[in-house]
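In the two complexes below, chain A is the common chain; its partner is chain B in one and chain C in the other.
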Partner chain A sequence: MDKQVYELKKLWSNKRQLTFQVLNLAMIVFSALMIWKGLMFVTKSESPVVVVLSGSMEPAFQRGDILFLNNAVHEVHVGDVVVFKIKDRDIPIVHRILKVHLDQETGKVELLTKGDNNRVDDRGLYAPGQLWLNRDDILGKAVGTLRYVGMVTIALNDYPVLKYVLVGLMGLFVLTSKEG
Partner chain B sequence: MAKKKSNSSTSEPEERSTASSNDEAPTIPGYVEDELELLQVDLGDMVKMKQVLDEAVVLAVNQHVEEEHSWDNWKLLIMFAACVAACVAQFVPIPFPESRPILGICGALYFILSGILQFITTFIDKDAILLTKPLENAPKTNADMAKYGMRIRSQLPRFSEWYTVIVQFQLDDKNAVSPYVEQTWSVGQFFDKEGYFDEVGLAQRVDQLLERFKAGKFDEPKSKKD
Partner chain C sequence: MHTVWVRLNAVVFFGLTVLLGLSCMAALSKVGHTLRQRPVVKKLEMRKFRSLKSHGGVDRALLSFDLDVDLTPAFHWNIKQLFVYVVAIYETNGRYNQVVLWDKIVEAGDSKVLKEKNTFIKYPLVDKRGGELRGKEVTLQLQWDHMPITGLLHMDKQPLDTSSKFFLPTEYQ
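Take a look at the complex of A and B:
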C-alpha cells in the first residue's frame, strides 16, 4: 500500500507527468466512447447495440443475445426484425414486421409488428389509440447477432449489487497488478 | 517498501568517498549517519525496471542541463484537443438524429488527432527518454553542444539484462546522423538480488557518459547489427 502512496506522491509533485497520465487515462476512456459514437454515426441509430430482454422472438433470438442494429436503411420490409420504441416508453422492443402499408403519394409508411413467439400482434403494446408504427419509431433493423454475450448486461441490471462487485474486482486487479 | 541503507555502497567501494564508511564509525555525540532510502522493484517487472532506470538517467542528466519541453507541450496540446472533441461529441445538447453531423465531425477529429499522436510517439520519439536544451558554456572539445540540444535514448529489450543509454545531438534535419556516445550495462549492476535500486551508481555512470560526450569522444557506428 505504501508503494501506491509513494507513486501517487511522486506523480503529484511532478505536475507535467501528472498531466500526461491524466490525459492518457482520459484518452483511453474517450477512445471507447468515440467508437460508440462512431457506430451511432454510421448506423444512424440512437442505440446501435442492444440486448434482447424477453423471449418473445424465440427461437430466432433468446434472452441475452446481443443485436447489432442499422438504421441507415431507407425502407423496412415485411419479415425484417426491427427494434422500435413506443412513444413515451423507455424500453425498446425487438419484434418482426408483419404488415407494411405504403401510401404511394405521400410516401408515408405504416407498420405493424409481432413477436415470433407471441400469439397476437403488437397492437396491444402500442400507445392507447395507436394502431400503426411509423418509420420514426424504428431504432434500427437487426443486421447481426452475438449469442448469450448480453447475459452480463442482464445480470448487472437484475442484480445491481453485481455492478459494485465487478468494479471492486477490477479495482483490485489494477492495484495488485501494479504491485507485481 | 524502502530499505534504509547507509551511504557506504556494496558495489565498487574504491569509487566512493563516503562520510561514514567503516563499521567502526566514530560515536561523536550529535553525529547522524547519512542514510539513503532505496527503491525496491520487482525484478520480474521489466517495464517497471526500465521506467526506474530511465527516470534515474533523466534525473542525472537534468543536474547538468535543462530539459527541452516543446515536443512534450505539443503532445499535451494534441491530447487535450482530442479530449475536448470527445467531450463536445458526448455533451452536445442536441438530441440524436439532429446531432449526427456534429458527432461525425468530432469523431473524425478525435481519430485524426489520436492518429497524429500515435505517429509522433512511434516514429518521431522512438526510444528517446529525454530532450535537452543546448548547453550554454559548451566545452571546446564539443562546441556543437551550444548549438544543439541532446537526445538521450535508452534501450532495454524484453527479457534482456542489457540496458543501453545513447547520448546524441537533437539535430534539426531528421535524416542527418548525429555523432553519439553509447554505453551498455547489465541491469545486475544497478539492482541487487532483492531488487533494491542503486540510483547513485547509475547517476555516476551517466555522468561519466556525459563527460565522454562533452570531450567529443564519440563512438564509431557499429556494423549494421543494432
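Take a look at the complex of A and C:
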C-alpha cells in the first residue's frame, strides 16, 4: 500500500506521466459506460441487468443472482418473468405474469403479476387504487440468468461506504500501475 | 511489480473471467435441446365445472381439471426447475385474455410425471368486467418455463391444436 502512495507522489512531479495515467483511467471508465449504454439501447431497457433482491421467486432465482433483461419485446405473455417498477418507487421487482387482458382495438394491455414463492398476487404491492400494471411499467422480460454474481451489488447497497472504497482503490491502481 | 495487491488483482479478475467463460459454455451446451425432445401433454381437460357467480359486478368461475403429462424430456443437467402452469385462454368483447389457473414448481429432484385428478384450480377464473364470462369458450393450455442453473430462460407450451376447450354456462349457477 505504501508503494502505491509513493508512486502517486512521484506522479505529481511528472506532469506528462500523470496526464497519461489519467487518460488511461478515463479510457477505462468511458469504455465501461459505452458498453452499458450500448446494452441499454439494444434491449430498449433503462436497466438491462438487474440483481434479484428478494426471495419471492425462489427456488428459481435467489438473492444475489443477476438477470439479463430485454425490453425490445412487443407483447408480454402470461408466464413471462418480468421486472417492473411501481410508479414513484425505486426498487425493481422480479415476478411472473399471472393474468393478461389485451384490448384488441387499442392494443392496451392490463397485467397482473405474482411471485412464484408468494401466496398471493401483487395487487397489494401496487400503488393505492392501482389494480393492474401496464406495458410501460415493465422494465423488461428476463431472458437469462447468472448465479451469485450480484452479491457484490447487494453488499455495496447494504454498506454504501464500500462503493467509495472500491472506486478509490481501483482508481489508485490504474493511476499508479506502470505498463512495461 | 510483485506486491500482494497486484497478485490479488490478477487472481480475482482472472477468476471472474474463467467463471464467465464456464457460465457461457454451460449455457451453450444445451442449445437446441428443446427442438429434439419435447414433453407431450397426454391430457389436460376440465373435469367438473363447479360454479359461475357474479361477485360485486365481476364474474368468477370455479372448476376442477385433470392433467396427465410426463415432463422428463424437458429436463437436462443445466435445468434447475420447471415452472408449470395451466393457462385459460378466452375472448371477451374485443379483448384477448390469458389467465393462469394453476401452477406448480417441478424441481430437478422431484417426480416429473404429473397426474392430477379432479384438482381444484388455485386462482379463480375472474374477468375484470361483469357479465363477460357467461357462454364464453375457454381453451386450456399447459405451458412451462425452463429455469436454468445458468443461462437463458425459455418457455415451451402444449400445441394449441391438442388443447381442450369447454364452454362456460350461459347462466349463473
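Please note the rule applied: the second predicted complex is superposed on the first by the 139 of 180 C-alpha atoms of A that agree within 3 Å, B and C clash if a C-alpha of one lies under 4 Å from a C-alpha of the other, contacts with A are read in each partner's own complex, and residues count from 1 in each chain.
Just so it is clear, a residue touches a chain if its C-beta (ideal position, glycine included) is under 8 Å from a C-beta of that chain, and two chains touch if they have at least 3 such contacts.
This structure is a prediction, so every number in the text was calculated from the model and none was measured.
Undergrad: Which holds for A:37: it touches chain B only (first), chain C only (second), both, or neither?
TA: In the superposed model, A:37 contacts chain B only, not chain C.
Undergrad: Which partner, chain B or chain C, is in contact with more residues of chain A?
TA: When the residues of chain A touched by each partner are counted, C comes out ahead.
Undergrad: Touching A:19, do we find chain B (first), chain C (second), both, or neither?
TA: The first partner, chain B, only.
Undergrad: Between chain B (first) and chain C (second), which, if any, makes contact with A:27: first, second, both or neither?
TA: First partner only.
Undergrad: Scan A:46 for contacts with chain B and chain C and give back first, second, both or neither.
TA: first
Undergrad: Could you say whether A:100 touches chain B, chain C, both of them, or neither, answering first, second, both or neither?
TA: Touch status of A:100: second partner only.
Undergrad: Would you tell me the residues on chain A in contact with chain B in one complex that are also in contact with chain C in the other?
TA: Touching chain B in the first complex and chain C in the second, residues 3 of chain A appear in both lists.
Undergrad: Using the touch definition from the top, list the residues of chain A that touch chain C in their complex.
TA: Residue positions touching the partner: 1, 3-4, 59-61, 77-81, 96, 98-105, 110, 116, 121, 131-132, 142-147, 173, 177-178.
Undergrad: Which positions of chain C touch chain A when the two form their complex?
TA: 1, 3, 5-6, 9, 23, 27, 80-81, 83, 85, 87, 94-100, 103, 105, 107, 123, 128, 143, 145, 147-153, 155
Undergrad: Across the complex, what residues on chain B touch chain A?
TA: So the residues of chain B touching chain A come out as 1-2, 42, 44-45, 69, 72, 76, 79-80, 82-83, 86, 89-90, 96-97, 100, 103-104, 106-107, 110-111, 114.
Undergrad: Where on chain A is chain B touching in the complex?
TA: Touching chain B: residues 2-3, 6, 16, 19-20, 23-24, 26-27, 30-31, 33-34, 37-38, 40-41, 44, 46, 179-180 of chain A.
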